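Per-chain residue numbering starts at 1, and chain names A, B and C are given in the order in which the chains are listed.
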Amino acid sequence: MAGTKCIITGVPGVGKTTVITEALKRLEEAGRPYAYLSFGSFMFEVAAKKGLVKNRDEMRLLGKDDQRQLQQEAAGEIARIDGDVIVDTHASVKTPKGYLPGLPEWVLEALRPDLFVLIETDEDQILGRRFGDPSRIRDLDTYGALRSHQSFNRAIAAAYAMKTGCTVAIVTNADHLLDRAVDQLVTLLS
Amino acid sequence: MAGTKCIITGVPGVGKTTVITEALKRLEEAGRPYAYLSFGSFMFEVAAKKGLVKNRDEMRLLGKDDQRQLQQEAAGEIARIDGDVIVDTHASVKTPKGYLPGLPEWVLEALRPDLFVLIETDEDQILGRRFGDPSRIRDLDTYGALRSHQSFNRAIAAAYAMKTGCTVAIVTNADHLLDRAVDQLVTLLS
Amino acid sequence: MAGTKCIITGVPGVGKTTVITEALKRLEEAGRPYAYLSFGSFMFEVAAKKGLVKNRDEMRLLGKDDQRQLQQEAAGEIARIDGDVIVDTHASVKTPKGYLPGLPEWVLEALRPDLFVLIETDEDQILGRRFGDPSRIRDLDTYGALRSHQSFNRAIAAAYAMKTGCTVAIVTNADHLLDRAVDQLVTLLS
């Protein structure tokens, strides 16, 4: 469909939502509005519409094949949106079984993104932000674990680019420099 | 088929076999036995059954297309095993022509792994272990070459995850801490 | 087709052309000549033959689908060349929208490379070389940006290997050691 499909990712605590929210405002003001959606929430809506689940907790209980089909349907619906869309999701999710790819092949094939953004910053800054956020107390990774996660995300982003031909851009959201991160993202989306 | 298909990898000298052997014992004791097979040996058995080769040395002499078909058949047979299976192989093999992927696309498509494990440790520890193992005298890499190899393995593991949706877990097998590596692997496989 | 298809890449300023030119000479002398082509120029020729463009500047103006089809046709033609071929291209290109993959899936599927080479060196050496080359004044990256680019190239090379089964070799073209880089490349291609 016409329009840019942009995937934006970042590890918990990097400030992804803040950067996206500010960038969306500026793009709207500049006459280039983007639709915004979270891939997880969108998948839940698709599942609820199909009567597969009643609440978000039930999403985890779905079998592997159901999950996969839901992912595919949600991605396909996003691809059919006519216009510019930001999809908020994760390059990979850290689970007890290891890094789970946020965009396995079947999602990429249905979604056909144009641009993949990694929002990153120094690991110690992320640790500091998580420490100050009581809702993220369970995410208290070590420096090394976070470094490994961000590095894995870059590697899997490269695989996403091979698969789709999308570009991969890195936006740094450093302490005290939110404006620069927003500027970078706005430039990428303009 | 029912059952978890888990691929376990690690560069020569990292202690992969030791960690797997101990983990298999504990899983057996805990009532969660895994079948174990080495991908290379399994491929040889498939080739021998088909009359393509008489001994393992002849495996190297097979043409590219024959190799590929063997890989695919072996992977397909493993996928059809009913139950939990550990597949012992390499993320990539260091050859005179560069890093050879252990699980190219056609193997992944046939095998459909659920979990991909990288057993790693600091490069100096691997060098130390190789140095003490006369059978690995040919593997005397430099620190930088080993670092590059382990890093390449992480990157290709990310591509494997994109392709299959499997999770990628890293198990550190540090000197004097074998028990922790085994614990980590048992947890992943439980 | 018979023959080795080898892709050679490296960031601007790493000395890719110099290393390839010297290696081609030695291979010719050794009775193992390779055809050489630049993927970008080859694509332009295909486009010009089809009447899609009149000069190289018009290549950038082509739509996404036209670009993709051109890439695919060019890759297919290269694959059909009977004999050994070196394809000079980029693992990824740094653009204002991020890293653009040089060999997205559809190119790899048509091209079927046997060997993928990354020519690399320390970032400070590349900066030095770019600084001394007035034609590359626009490429004045920072050390960190170059490091990130070379690292992304290794990651995407791993994805290329997963997709095609090709090996990935790293050739270091360090200051004052051009001969060693050429030796390495000649060995890979012999």
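Here is the rule we use: contacts are C-beta pairs under 8 Å (C-beta built on N, C-alpha and C of every residue); 3 or more make two chains touch, one makes a residue touch a chain.
All values derive from a computational prediction rather than experimental measurement.
Asker: Could you classify the subunit B-subunit C contact as same or different, where same means more than half of all interface residue numbers appear on both copies?
Answerer: Under half shared, hence different.
Asker: Rotation angle, subunit A onto subunit C: superpose the C-alpha atoms of these two copies and give the value as a multiple of 5 degrees.
Answerer: Subunit A sits rotated relative to subunit C by 120 degrees.
Asker: Can you work out the whole-Å distance between the CA centroids of subunit B and subunit C?
Answerer: The answer is 31 Å.
Asker: Would you mind listing the residues of subunit B that make contact with two or more other chains?
Answerer: Residue numbers touching two or more other chains: 155, 158-159, 162-163.
Asker: Which of the residues in subunit B end up touching subunit A in this complex?
Answerer: For this pair, the touching residues of subunit B are 115-117, 154-155, 157-159, 161-170, 187-188.
Asker: Name, in rising order, each residue of subunit A that touches subunit B in their complex.
Answerer: 68, 92, 95-101, 103-106, 108, 148, 151-152, 155-156, 158-160, 162-163
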